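What follows is a structure written as structure tokens; I'll ask about it next.
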Amino acid sequence: MTEQARPPTLEMRGITKRYPGVVANDHIDLDVRPGEIHALLGENGAGKSTLMNILYGLATPDEGQILMDGVPVTIRDPNDAIDRGISMVHQHFMLVPVLTVAENILLGDEPMANPIFLDRVAAHDRIRELGKQFGFEVDPDAKVGNLSVGWQQRVEILKALYRQANILVLDEPTAVLTPQETREIFAVLRQLTSEVGTSVIFISHKLYEVLDVADRITVIRRGKVVGSRVPAETNEEDLAELMVGRDVNLTVDRGESHPTDIMLVANEVRVNDDRGHEVVHGVSFEVRAGEIFGIAGVAGNGQDELVESITGLRRTTGGTLTLAGESIATASPRELHAHGVGFVPADRHRFGLVLSFPLTDNIVLNDYQSEPYSRGLVRDADAIRARTEACVTEFDVRTPSTAVPAGTLSGGNQQKLVVAREFGRDLKLLILDQPTRGLDVGSVEFIHSETIKRRDKGTAILLVSAELDEVLELSDRIGVMYRGELVAIVDARSADKEEIGLLMATGGKVGSDATKKMTTELEQAS
Amino acid sequence: MTAADSQPHTEAPPPAEAERRAHAPLWRRVLQVVAVPAVAVVGALIVGAIIISLSSLASGSLDLLLPLRAYADMFQGAFGSTRGILFTIASATPLILGGMAVGIGFKAGLFNIGAQGQFLMGALGSAAVGAWLAGAPGLVAVPIAIISGALLGAAWGFIPGALKAWTGAHEVVTTIMLNFIAGAVIGYLVTGPLEFEGFSFSRTGPLGNAELPAFEGTTIHLGVFIAFALVPVVWWLLWRSTLGFEIRTVGANPDAARYAGMHPALITILTMSLCGLLAGLAGAGQILGISHFMTPSYGTSIGFDSISIALLGRSNPFGIAAAALLFGAMRAGSGLMQINAGIPVEIIDVIQALILLFLAADIVIRRMLRIRADGAEPEELQTVTKSYGSGNAL
Amino acid sequence: MDVLYGIPIIGVLIQFIGYVVEVTPGIAPIVLGLAAPIALGAMCGIMNERSGIVNIGIEGMMLSGAFAGFLVAGLVHQSMGPVEGFGPFGITPALLAGVAAAIVVAMLLSALHAWLSITIAADQIISGVIINVAALGLTGYLNRLLITPNPRLGAGTFSTFRIPPEVADFPVIGWILEMFLEQGPIAISVVAFVIVLQVLLFRSRWGLRTRAVGEHPRAAETVGVNVVRMRYRNVIMAGIFAGLAGAYLTLEGTSSFQNGMTAGRGFIALAAVIFGRWTPVGAFGAAVLFAYSGAFGQAIRIRPPGIEYPDLGAIVAAIPSQVYGSLPYIVTIVILAGVVGRSIPPAAVGRPYRKEEQT
């Protein structure tokens, strides 16, 4: 399967890529041998997708080199990548929903009956052929938008196979698949590598899958390679430790919490996403006044929709939500605000701020219509300015004045502005969604300490974050969200970081024993 | 689950930069706001001059000095005499209202191309009611006639607003269709039920006491004062009232508006009606103050003029007033220009289009002048199409 | 029949149908001509929107094409002197030059729109408005400057193809054949263009890539399609249709130019695009519907329902004639309001495509 004598099919040396404020890839080295399945493992934001985008020509590295079969190459755009036999299956499908399977597969590489017209017959034949070879019979004339997610994934893979890829990159391919579909995809991958000699790069954050299917595993954390393993020589705990790191950066002393009355109760809450699929499957938890309940989990497991349903921006499809005993499932954002609910949204540019408006307008975004900020139609500019200045001072928002547009503030100060607005009232319940994403250390520290202060004043706080460190640092109790379910609720004092990391990545349902069972099944199938 | 988490939001300029800008001297800040419109106007005049020069070829020889004579005539016609200045102000009056009618729409993320139809309906309303109340005491006739015009214009704005809010039909097409329909309605009514006997051509009845009082011998009527007075009122409405805050928020960030408890659909309807009201008021002013009656083919160029003025004035009532005076001057002086220099008045339309072109290419202008975009850019130029591709509309 | 007239609504309905059946063969010949500029404008709109670009400047492009076509044809005619028209369509060099000029001008305006929308990424609707205002202003200006002093300028029009009377008298299909074939060259070609565009859009490589670019440009980019280049090419080529529409107005439908003569057809074309669900055949059907409503409105004025249709006649007489003239505009609004909610445009339409690196 691997030949030591030949140069690696692909080598990426010292790849570095910087974006404003963060180093996405920090001198990353990677080599992939012919016919191997090489897994890239890491948390959200670790830099895996950036690296592959560079490989596929969707981004250019600031430093570093790419070599294929030992020869340095430049890849400027996807066409270059495709010409060199690199095919990529993106995490968010690059499929056009209104076109058919055949049309999606052929796009860019169409077989022509003559200079103008497509040779649909040839295309159909080739697609069916490929499908048979690898075990999926897909109807070339079906509209992709009507296919299930699992089948769409297969179409994406067929796209790559159709182009006879030498190197196939799969970005989180099993994120949306059922275990059954996952097994089938893995069988295809093995067939590809052993029969055809394709090399596969498999990006994932799912430990057991990676252990299952990869020949080699490279772990990336915060933009750097932190380790390389062979599955036989490692296990889930080892990988989890590499992924999340052992040290927890404690920036604040949490102190003891003194929870009192139950504030927020979620009971069997179900929520759909924008496409109508259920993404929150009966979640139940409660948050008491004076405590911080943190929900940990990889982004995309239903947290956004859950938070939106609690804050009145999305309807629930089942279950109940109550605040201090009153149902809030159908409450509007304004009603919730009046009931003492504060919300720091994950996307501050969308729900949190109006970037072109001055700080003053942003501070009163939720209160502009009530006294003292306005009386009927007339706004009281002085009252608004006074409140803004108080907020700016109290929350240390660095700004030359309160009249500048919010968009001129740095990310950290923008977030502090939102926090100032939401924190600066008597609150029963405070919801924080990714509150420190992309912020500098100073702002993070500040927001964390303010959060603890509010907790001690008796506010019930719900924290949702993909940053495990943050959740561990602030929460009194921790829940782990995986595929739309709350798979565990633990006391923070006794929580083990690696254990939680494992829960985030596996849902706790698949442990080492189950992994072994799956491996055996697959071996028997192939 | 993408590395969107690793890519932070686009960083704004560091605080030091913003600080420097906020503390820049007043003249500097004014310059930044005025720069792009000013360059657009000057650029348009220059290109217009080139076109005028080239047109001189039509009469035989290339006359490079023709544009200078033409512009001089225009200036003379607009500002060279007291009569001219008053005419300029009177010409600017409906443009101020029309410009605000479009500008308020922009602020809400709406593109009101229907100012023309709303103007016509306002004119019609006031002409009809004015004629009907011609004998009543002026104190009664005048206000009622004005209000009728304004309300009818508001109704003509309500229709596309409601259609947009309830069915998603994009206001760009519906307002234009309504412009044509307004023309047809006027054609029918003025030759039918509203026709006044006794004239050799179709027209509405004399206004009598419903005419707007005016200064003796001039075209400066009450409507002029109303229009100028409305400028600070609209400014106050947009920037100091809760309603204005809602309008601007819905236009700037509909998601945040929803979170803030506002109702984008309601605001859309209200805003379009308000726009129609202002344009209708402009029509009422023209009829009650200047023309004194309507004909079946009553025409106006206010529709497109208002768009240019709103964009030039950055949707700010004071800016709009300035732009309206500029256009008013151009239109007032174009008569003399046509007589003396022989340039067709339509050149104003050409210059107008050039102004729009320069405004749209403002990014190119910015690079030329090295002005940084800091929230002082014409956001109207970037917001309108947002509502288009959301599954509704065109 | 008379008995059924007694029942109020049914009576009117039957009379209406009867009137329509009676009047239609008479107005059928002019329907295609009326529909031609709208249909061609719709083809332009489809090419734009299928690629993801909003173009409301079609009206201005049409108007400019109409003017340029008229002017150039007139000037060529003037310099060449009268020439015998060639073939069944009465083609003269002047007319050909006019058509060419119309197309070129419309393509230039399309290039401007493409530049503003794609490279400058300005608001696409405003770009369209600019083109409309510029067209109105420039054509008005140049009209006053060049044509008004020259009232006899003009190259005439293309002739209508005459079908042999035996064919025209065929029982049922006679008037249909007449409708489609007794037209000038541009109007006849409309049907061909519609069919060709329909086939190309759904069966050719160009069509597939265009649709991908309008629905999911990033997906197209990832398989190597050059989104920016496709959009530029499509927008500019679409100008050909707008130019032809303009040429029809001054070189086939009428033989003169009036300020603002497009009278909103460019916008009605956009409504036709929506109504036809962004397909050439569908938009053509919609254009025919609009044209028919306009022609029907005219017919009602010229030949109002007579004694055979008592109730209908009464209703018709009561409605002001201007309503019939406004029928296309009213129909457009009704369609937009009713259909739009259910009509799904190309997913990426109106959004500037940034080739930025997105991780």
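Note that the chains take the letters A, B and C in the order they are written out, and that residue 1 is the start of every chain.
Simple rule for what comes next: a residue touches a chain if its C-beta (ideal position, glycine included) is under 8 Å from a C-beta of that chain, and two chains touch if they have at least 3 such contacts.
These numbers come from a predicted model, not from an experiment.
Asks: Examine which chains touch each other and state the graph shape they make (line, ring, star, complete, other).
Replies: Drawn as a graph, the chains make a fully connected set, so complete.
Asks: Given the two chain pairs B-C and A-C, which is bridged by the higher number of C-beta pairs in contact?
Replies: B-C
Asks: Using mean Cα positions as chain centres, tell me which chain lies farthest from chain B.
Replies: A
Asks: With chain centres defined as C-alpha means, what is the inter-centre distance between chain A and chain C in Å?
Replies: 48
Asks: Once you find the CA centre of chain B and the CA centre of chain C, what distance in Å lies between them?
Replies: Using C-alpha averages as centres, the distance is 29 Å.
Asks: I need the residues of chain B touching at least two other chains; which ones are they?
Replies: 2-3, 6-7
Asks: Could you check chain A for residues that touch two or more other chains and list them?
Replies: Counting only residues that touch two or more other chains, chain A contributes 19, 24, 49-50.
Asks: For chain C, give me the residues that contact two or more of the other chains.
Replies: 347, 359, in rising order.
Asks: Which residues of chain B touch chain A in their complex?
Replies: Of all residues in chain B, those touching chain A are 1-3, 5-15, 17-19, 21-23, 240-243, 245, 248-249, 252-253, 255-256, 258-261, 374-375, 379.
Asks: What does chain A use to touch chain C in their complex?
Replies: So the residues of chain A touching chain C come out as 19, 24, 49-50, 53, 56, 58-60, 77-79, 82, 88, 90, 93-99, 103-104, 106-110, 112, 116-118, 120, 159.
Asks: So in the complex, which bits of chain A are touching chain B?
Replies: 19-22, 24, 44-50, 91-92, 172, 175, 223, 298-300, 311, 313, 332-334, 337, 343, 345, 348-357, 361, 365-366, 368-369, 374, 376-379, 381, 398-401, 403-405, 407-411, 413-414, 437-438, 466
Asks: Please name which positions on chain C make contact with chain A in the complex.
Replies: 200, 203-206, 208-209, 211-212, 215-216, 218-225, 347, 357-359
Asks: Would you mind writing out the residues of chain C in touch with chain B in their complex?
Replies: Per the touch definition, chain C meets chain B at residues 49, 54, 56, 116, 120, 122-127, 129-130, 132-138, 140-141, 143-146, 263-264, 267, 270-271, 273-274, 320-323, 325-326, 329-330, 332-333, 336-338, 340-341, 344-345, 347-351, 359.
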